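We just call them A, B, C and D in the order they show up, numbering each chain from 1.
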Amino acid sequence: MKKIAVFTSGGDSPGMNACVRAVVRTAIFKGLEVYGIYRGYEGMIDGDIKRLQSHSVSNIVQRGGTVLKSARSMEFKTPEGRKKAYDNLKAHGIEGLVAIGGDGTFTGAKIFFEEYGIPTIGCPGTIDNDLYGTDYTIGFDTAVNTALEAIDKIRDTAAAHDRIFFIEVMGRDAGFIAVESGIGGGAEFVMVPETKTDLNDVVKSLKNNRKNRFSSIVVVAEGDEAGNAQTVMEIVKNKVNDPTKDFKVTTLGHIQRGGNPTARDRVLASRCGMSAVEGLLAGHQFHMAGVVNQQVVFTPFVDCIGMNKPLIADHLKLMKILSI
Amino acid sequence: MKKIAVFTSGGDSPGMNACVRAVVRTAIFKGLEVYGIYRGYEGMIDGDIKRLQSHSVSNIVQRGGTVLKSARSMEFKTPEGRKKAYDNLKAHGIEGLVAIGGDGTFTGAKIFFEEYGIPTIGCPGTIDNDLYGTDYTIGFDTAVNTALEAIDKIRDTAAAHDRIFFIEVMGRDAGFIAVESGIGGGAEFVMVPETKTDLNDVVKSLKNNRKNRFSSIVVVAEGDEAGNAQTVMEIVKNKVNDPTKDFKVTTLGHIQRGGNPTARDRVLASRCGMSAVEGLLAGHQFHMAGVVNQQVVFTPFVDCIGMNKPLIADHLKLMKILSI
Amino acid sequence: MKKIAVFTSGGDSPGMNACVRAVVRTAIFKGLEVYGIYRGYEGMIDGDIKRLQSHSVSNIVQRGGTVLKSARSMEFKTPEGRKKAYDNLKAHGIEGLVAIGGDGTFTGAKIFFEEYGIPTIGCPGTIDNDLYGTDYTIGFDTAVNTALEAIDKIRDTAAAHDRIFFIEVMGRDAGFIAVESGIGGGAEFVMVPETKTDLNDVVKSLKNNRKNRFSSIVVVAEGDEAGNAQTVMEIVKNKVNDPTKDFKVTTLGHIQRGGNPTARDRVLASRCGMSAVEGLLAGHQFHMAGVVNQQVVFTPFVDCIGMNKPLIADHLKLMKILSI
Amino acid sequence: MKKIAVFTSGGDSPGMNACVRAVVRTAIFKGLEVYGIYRGYEGMIDGDIKRLQSHSVSNIVQRGGTVLKSARSMEFKTPEGRKKAYDNLKAHGIEGLVAIGGDGTFTGAKIFFEEYGIPTIGCPGTIDNDLYGTDYTIGFDTAVNTALEAIDKIRDTAAAHDRIFFIEVMGRDAGFIAVESGIGGGAEFVMVPETKTDLNDVVKSLKNNRKNRFSSIVVVAEGDEAGNAQTVMEIVKNKVNDPTKDFKVTTLGHIQRGGNPTARDRVLASRCGMSAVEGLLAGHQFHMAGVVNQQVVFTPFVDCIGMNKPLIADHLKLMKILSI
């Protein structure tokens, strides 16, 4: 293998740049030529491909977003689109790929590999932490800390006014951000898609006029089965039925995707990026490079996408105990 | 004057604690006894009043929210409520008040002074910066920086995807937060209540496919005459009518009220708090202590509430020039 | 077991408060009475012990430092001191202890248990991450991120001036902070006590006039065998012997100990705190509760102190590759 | 005037990039061609000059440092160096300059204007705030907040251990950073070059065993007449002569120069940059564009450099009162 290319795809996540940098520098260290494909599969189809040098990735390790840009590509879902993409890669002599993204990215990579046989290693770049094959995904730690800082700020005002806040964090299918930001933020309740919350329990607690309580914060994952934060708040408010209680909703939204990555995300991203290149050279072909129990592990895309990653049981227990 | 009391009222703002601390320590420095009234006018009515010492306000200068808590009081709007409040103050021998809050707080203070004649000095504690008689209000600088950090984060993801973001910041009647966070955040447009935005101008710019543009950010003050961010986005999206453009809305919400105060807010709060006590001793009776052109100025409540504070003209000009 | 006590000891670390909170609330959840011992072993000797309730630990999860305060105790190193400590615990009926700290703390706990047999569970509270029996210690993640933010700031000015910065981070015996902040900060070199750096390698790289290099940052763990940052800089500067190169040193110092804990530290602290109480109830007696491979593990104090925790091999490799 | 150029010089300060951006975009808005001179006077001599477009300054408003880089130039101090610089400007047809920097920069600009008559407007870019003709300099607010955040972190650990910290902040000739970070950080003492501190006062206070004191922090400007933080600490420690007191020193150093600029700095920088271009077009020739009492003011370089800007008297008073 002499030439490889790297791209980012799907929703961006903090740490993608650190990962790109590690791929580029490891490739050069190993004597490879390395190319950047811009705007993910879209740029692969359009031939938006450029040679990268060591200095091309200087001064980006600390930046959120992705210098290679990202996009969602409809055309790559068609055989014609993938054919164009393949032709472009072939024209550049690219023999291996590193794909940084989440399950959509890996689904595309799997199909593409099956059709054209270009070895592809994935790096887990998504804030949701919902990929099997790695303890944490690149961007998750930053997203949790962003959510947590927001909760800390809201706690100031909640405490000043004895208000009840419902805070919606990201997580369509997975409650990882909600659980860790909820435990870290000292939330009274955390509602996640993985478990069924009985809203009467929330009501009971909020009615209970605990002495010296500083504030009441309920963290709601956007994909909770009981509804989003606004919906849940209204149901609870009706059940509490106490006009002296002040209920508020805040949806954190897109701020959770951006920002300078944390140390943990930069180190994880760097390690995955380095391992992806080493994995290509070692002959892996349709695997994601993740870190499990502090060790790099290569997991086939099919498992990363298809297998379920459960919440940590202790964390669910903590949520119950710490809000007493 | 031997005994004074301090309270916070209305929406909390970062720096209120630094202000309380300055009031308490200046009072003690000047040989006065000083009391804290909890939960604003509500606590004044309930007699929730405690003696404060120098150490009572240790280690709070850096904290958001207010250790004296805040509340909105309906009862204080009634003569009976104010009578109770007066009786409580009299029972404690309190001869002067420092009221930290915004225009609602000062409206109450003005009426109360007119009825009972207890000298009261206000300190401008509100994130909105909409008080005449001070260049900046306590909490404004922190709120702007919080909004700005959120815009910075969103810019990362906007740039990665070439998206158009409409970001709603606080400001029901005043565009100060929108203007400063918009200029600081490099926004394409800033929409404020003080000026009428022609949405066609927004459309024109967004249609213009500028080369090398990294992202498109529109900052909308919640009280803009064209509607909130969601409304404005939908109108603009319809006019642009380009399915390849990706429009997103983020409402920053309550995070703008909390957080550790910035240096500017802590220093301003400290200065206003010190000046409020000095003002009481100097014989001011129904004035707010603000800082105008780097000097402390005492302005009658009636003017703080009634007079209009315009946006800085240069800032409006900047918004136009910098987005080219 | 009906009554337990918790204390913090040795150098403080961010997350200790989250850990105290978890101990208190878990104990109450399990039906125990719980006491706080102030100023570590010093307060145990002085009888500075107070009953804690659930609300005693409200609103502290987000704060750095320790509300129980910490101290280093010479008297506890004497049999007489420990006798006094035991008498005080006995007088309060305390049957179990949770000790939050580092190896000094656990050394004391081990001796005290051997002499008086009060079951004691430790929680790993130290920024240095140098304790065997847990993948990470409480406070490490915050310290790394603080160091990293400082490096990011210095990189701005290093890049503006093409300067060479030697940045000293904490780590007397262990290079964990240096390695993770160095990888995350994009350092050219990282010098740690665990490995011998050949300063000629540093010199060679700095002499190499790499095109488009933005800045040169060398991270030095305070305990590196080649000397501290100032010493190392002077040696390298002499060897480079190029008057046009501008060499600077910054020692980050005590800012690395403080600050609001990160999400990771709060969650880890909460989990260790909960597990410590569960461990006491399950019959553990001289163990630290740590998290290894995402699972809670109880390790005897003797091993925590005596066994070596190596740096992650991949991280050492990353340092070499990423600086090309 | 058809062509102008902009450069940054001297020590970099956060907000310089926002200022460059404003100069470039305002120039283009006004129909001018605009050039960037790299590495200050050094690049002017070397002819390191490039045409800038609107997109050249995209996505930099939020970054610390300076994309135009900075350098100190010995050669520009010679007539020969300035001649080369002039020839390069003439070759590019540059008729006006915007110089972003501090007093060294303006001293150079003044001499250069006197010799060659190219109109030059300065923008006050220095963290020290020691320039007459503007209430605040670009970068000062960010530096103060960086110092303040460091003090907040150190307070956590100081409070946990009842330690006494001497913290050295930047300020060779001016105490602005020390005063504002000291007031904001709740310091016991602030030592600045502008006033003579009697160290016996520091000693007296520290000996006084105040009940419930959380921590003792002394902020020392690097240029204080009594010595730097280390020196002052040693003198005070000897005078206190109490082995139970734990004295520590932290020198914040270069972190104060970097980091993303605050809102205040970005807005000030943008306004000064816009005004500099407007000033050139209005015929100003050897002036700095500053903001005094919220208004843009043009002050001759000779006054900016030569006149003294005093500390705000109220701030000195605050330092005394708030530490009781």
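Note that contacts are C-beta pairs under 8 Å (C-beta built on N, C-alpha and C of every residue); 3 or more make two chains touch, one makes a residue touch a chain.
What you see is a predicted model; the values in this text were computed from it and never measured.
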Of all other chains, the one whose Cα centre sits farthest from chain C: B
Whole-Å gap between the CA centroids of chain A and chain B: 35
Centre distance in Å when chain B and chain D are each reduced to the mean of their C-alpha atoms: 28
Averaged-CA centre spacing for the pair chain C and chain B, given as whole angstrom: 39
Sequence positions of chain B contacting 2 or more other chains: 152, 155, 159
Topology of the chain contact graph, where touching chains are joined (line, ring, star, complete, other): ring
In the complex, chain A residues that touch chain B: 8, 11-12, 14, 16, 63-66, 69-71, 146, 150, 152-157, 159-162, 165, 248, 250-255, 257-259
Contacting residues of chain D [partner chain B, same complex]: 18, 21-22, 25-26, 28-29, 54-55, 58-59, 61-62, 135, 141, 144-145, 147-148, 152, 155, 159, 180-181, 183-186, 210-215, 260-264, 266-267, 270-271, 274-275, 293-294, 296, 312, 314-315, 317-318, 321-322, 324
